[in-house]
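Lettered A, B, C, D and E in written order, each chain numbered from 1.
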Amino acid sequence: MKLTQGIHVMHLFYRINRVVWAQAGPSTAAARSRLEALCASYSHPSAPRISTFVNVGGKADLAFMLLAAELDQLAQMHREIEDAFPAGALEKVYSYLSVTELSEYMSSEEDHRKQLIEREKLVPDSPEFTARMEDARKKMAEYAHYRLHPELPDWDVMCFYPMNKRRAGADNWYSLDFEMRKKLMGGHARVGRKYAGRVSQLITGSTGLDDWEWGVTLVAQQLDPIKEIVYEMRFDEVSARYGEFGEFYVNIRCAPAAAWKHLRL
Amino acid sequence: MKLTQGIHVMHLFYRINRVVWAQAGPSTAAARSRLEALCASYSHPSAPRISTFVNVGGKADLAFMLLAAELDQLAQMHREIEDAFPAGALEKVYSYLSVTELSEYMSSEEDHRKQLIEREKLVPDSPEFTARMEDARKKMAEYAHYRLHPELPDWDVMCFYPMNKRRAGADNWYSLDFEMRKKLMGGHARVGRKYAGRVSQLITGSTGLDDWEWGVTLVAQQLDPIKEIVYEMRFDEVSARYGEFGEFYVNIRCAPAAAWKHLRL
Amino acid sequence: MKLTQGIHVMHLFYRINRVVWAQAGPSTAAARSRLEALCASYSHPSAPRISTFVNVGGKADLAFMLLAAELDQLAQMHREIEDAFPAGALEKVYSYLSVTELSEYMSSEEDHRKQLIEREKLVPDSPEFTARMEDARKKMAEYAHYRLHPELPDWDVMCFYPMNKRRAGADNWYSLDFEMRKKLMGGHARVGRKYAGRVSQLITGSTGLDDWEWGVTLVAQQLDPIKEIVYEMRFDEVSARYGEFGEFYVNIRCAPAAAWKHLRL
Amino acid sequence: MKLTQGIHVMHLFYRINRVVWAQAGPSTAAARSRLEALCASYSHPSAPRISTFVNVGGKADLAFMLLAAELDQLAQMHREIEDAFPAGALEKVYSYLSVTELSEYMSSEEDHRKQLIEREKLVPDSPEFTARMEDARKKMAEYAHYRLHPELPDWDVMCFYPMNKRRAGADNWYSLDFEMRKKLMGGHARVGRKYAGRVSQLITGSTGLDDWEWGVTLVAQQLDPIKEIVYEMRFDEVSARYGEFGEFYVNIRCAPAAAWKHLRL
Amino acid sequence: MKLTQGIHVMHLFYRINRVVWAQAGPSTAAARSRLEALCASYSHPSAPRISTFVNVGGKADLAFMLLAAELDQLAQMHREIEDAFPAGALEKVYSYLSVTELSEYMSSEEDHRKQLIEREKLVPDSPEFTARMEDARKKMAEYAHYRLHPELPDWDVMCFYPMNKRRAGADNWYSLDFEMRKKLMGGHARVGRKYAGRVSQLITGSTGLDDWEWGVTLVAQQLDPIKEIVYEMRFDEVSARYGEFGEFYVNIRCAPAAAWKHLRL
């Protein structure tokens, strides 16, 4: 059950039932070891991988981000997490299923060619043109690889939220033609690039898979660039007129051993 | 309590209460056998049939799709599933009641006749025309039979979601005339046919029976064609302007014995 | 606490807590008897009456429809049902309070008079005219009596849902004048009459009493006419532009003794 | 923590957990006495006052309406009710916090003066004019006192619901000027006056205090005038275009001793 | 995990599970001491600080407002509160994560300069102008410090609610240009200043952090100015056309020792 390209992604947010945990007594030590072993065994930089977090703000206790090439492996990793805990100790707060994907609005080879000729006035097939095109091709391939096989920086703060493009009245994204959508997404991407080095973002697709059309995972080293990028993008026409957002989950990156301590379990 | 034509359909999504399951001890072995026997006894290719799945993505554990000619038999099959489990072990997450139905927008004999004469320039009642009409009639009958007595391919991935046609402001499906609706649905069907062999879909009717107007069951061999077909259809005017979607449930086909193993029960 | 005209109606949908039921042991036998006795004692064709159903489709287990002339009697019947069960065995899923009412859009004597004169060209006060008016008056009285003191046929399938008339933007029912509303409701009623003998419907009023403005109770001998009438009415302008619908509950008519068996309790 | 004018109001709707109640054994007798004593001690015609009700229709079991001049006294009365019951026996269904208030749209002295001069053609400062103005002032003072220190008639049926004025698109109440709002509210009040003697209403303000802008408490001697007044007002432009309504709770007035009996506790 | 400027804020609303509390016996005394010690140790006028409240109106029992410079410290303070209570005694009702922030619509030095020259006709760089500018700079700095490091007055009543600016149809805040937004916010601020000394407000930012864009914390000495300011602002165009509001939580300031007494624990 592999995808034609890309990998499967699951975000899981749980609350610990502290009554069950308190009653589980010595079996909680086994739970700790099991979860630590599990995360160690799924620690490929890309996939299969389980990353652990503690949630901040009161919505949940523990958060997990799972990456797997095979759908059944992803499903198994999820079940292994649940099975690591004493029965009833893990109460689901929110979950999200998506897959990595290329964006149809990414710059194409044709876009780069045009830009070199029209904006930079390079002569087609001149040595400089050829070198610049080679460069562009390399960057496109790197970006495509990042979108399909992401390795997010291991920064302290992770924020997840799902989103839709609006389909209502005069603000119907799905009634716009491709050129208009590509142009609008270009402005959106420019805002994103301003935050390079401060916020790393991963957009995964979930139309037909979960209740929103995309999942957004942002990582940063502190909380304010998360707020700033989401706030600034809200004025961008893509978000202002077409963006619909689900719940926001803010989390701190935290290995399992530290998570127990953080949660005072 | 048979329908005039077609059969009854129920989709059921459950979570296993793992505390109850853990406490049920030896009675869980009986539960396993009961569910396996139940699925064996309802294994007609069409109806009566119970198909079992494990849910992927965190919303549920087990999923069932039930087909029955009689409403009371459908109701009994549902109760037999619940009764197979120890009391309290099965917690309902979501359920959906619908019936198979013909679409009023399906091609009619008249549509085929017109097409042969106007587009293909065949002479009415010529031998070729007659043969082609015979062929069309056969295909229509096959399609009608599939819609009313579906036998979905036993592929790995099943996705279920309910949907409505919008009735609001300028985007009111129910205020369009029949010809416009038929034309719009025709475009929609063309997208569906592009996925033949990769995605098999079953549309069942539920206006007046459950909280949305239709249930959609998609099966595929991997996850991406599910995402692609739903995403591509979203740009189709029928979905872009008139489609409203409920929750999406993604599931892996899994016989009961394998489901216990998958769920680590 | 009688109404000036008509009677009180309550629809109740419950889930059985099977853990409590299983633990209740011999006291469940008493519960069975109590509920059977209760339904026997409230079995007037109109009111006071308790009708019992099993729910189909996964939303609930047991359903009740209560009719009473006095509000406090209705309240008592509800409490007697709850009291018949072991504490905690009955978990409320949904409930609805309404009253029977005449529709302000029903044909008036004036409507009939006009129709006989203008459409049927009868001479006012001629013997035929007088006989026809007498007939009309009798039918109006019968219909009014049915609306206020309903005796639904004891058919197998019952569907309940609540509804509103929309009050938003250009589709504001409550901003239309009476003549327009009466005309629109007339078209709606014509659809209803097409289903005479296949679907029997009862519209009860709940503005100010519960969270929607009307409750709709449909009974039929099989499931498809329920779907057909609700679907066909959705194209009617009254529903297409002004109808807002709540949750749909489909139920099978079932005396208490049969309900236990059906639910495998 | 007194208000500058008026008093604090709390509506509370609870379900009794019958399992807890059944297990509480002899301590339920103490609970009964405590609640009865509590209601006796808070029985001022206006405030401090606790009125008790049983809910009808399935949403709740017990309902309370609390009135207090001091906010901390109101809070204490609420805690005393909860404390009267065995731990866990009282499960909150819904609650609402508001304060009594004068309406900014009430007739002013200037309105009365104008009416006497312009409509009734009285000579300003003539003896009749002076007497009539004195009369109007008295009535205004009485009405203002009723709004701020309400003493509702002790009738059998009480209905509570919260409401908003719409702030959306073309139907934005808060964008209308004061004169237009006053005119619209005048029409609304005229409908209310038609029900004098049959329905007594209390409008309390909750903007900034709870999730809706006003709470509406209606009392009547039977259920139909409640339905009629809310239905008739829905056609009034204020409700048709600007009214948004929350959940409706219908209750029967019932002293604590009778409530136990009614609820079969 | 410090912010570039400002501090982190968490609002927490809990219900006490009285069954768990009653069963916890002597360990509740330890819980009391732990919470009291915790609040004593986090009692900086600004941050780190935990302020405690009892909720009024039925939505919750206890409320906390947390302020911390470091995100992980804020998270730890939250976990320390939960850990102070017996397992299961504290049930989350609502929580909110935000950060203090400067408003982009605050008066700038340029705004003050313009006002002195254009409205007050002062000569630029004259001694009076220079003194007045110095004054303005000082006030701006004080206000900025208050926004980023708030010390709310310790008044009796605290109200919290989250809000959004609307992004829909013709009322799309995020499609307005900066000048228009600044002008609209200026009118809003003028209403706020009318309540100086009666209501103190703190606006914190949460776009990308929680489910609404801002959190609003109002404190006052009694309930009515809370209602008045929110009601008056609703007519302001910013709120009338662009404001969307979440749930409102009204609370009384209460040290832990008094909270136990208030809650009758």
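Criterion: a contact is a pair of C-beta atoms (placed from the backbone, for glycine too) under 8 Å apart; a residue touches a chain by one contact, two chains touch by 3 or more.
Since this is a predicted model, take the numbers as computed values, not measurements.
S.K.: Please tell me whether the contact surfaces of chain A and chain B are same or different in residue numbering, using the over-half criterion.
M.R.: Mostly different residues.
S.K.: So, what's the distance in Å between the C-alpha centres of chain E and chain A?
M.R.: 31
S.K.: Could you put a whole-Å number on the gap between the CA centroids of chain A and chain C?
M.R.: 49
S.K.: Taking each residue of chain E in turn, which ones touch at least two of the other chains?
M.R.: As it turns out, chain E has residues touching two or more other chains at 169.
S.K.: Which of line, ring, star, complete or other matches the graph of chains that touch?
M.R.: ring
S.K.: Sort out for me which residues of chain D touch chain C in the complex.
M.R.: Touch list, chain D to chain C: 17-19, 21-22, 54, 56-59, 156-157, 159, 161, 169-171, 218, 221-224, 226-227, 229-231, 234-235, 237, 239-241, 243, 247-248, 250, 252, 262-264.
S.K.: Using the touch definition up top, name the residues of chain E that touch chain A in the complex.
M.R.: Residues 1-6, 8, 10, 12, 20, 71-72, 74-76, 78-80, 82-83, 87-88, 92, 94-97, 99, 101, 167-169, 172, 174-175, 205-211, 213 of chain E touch chain A in their complex.
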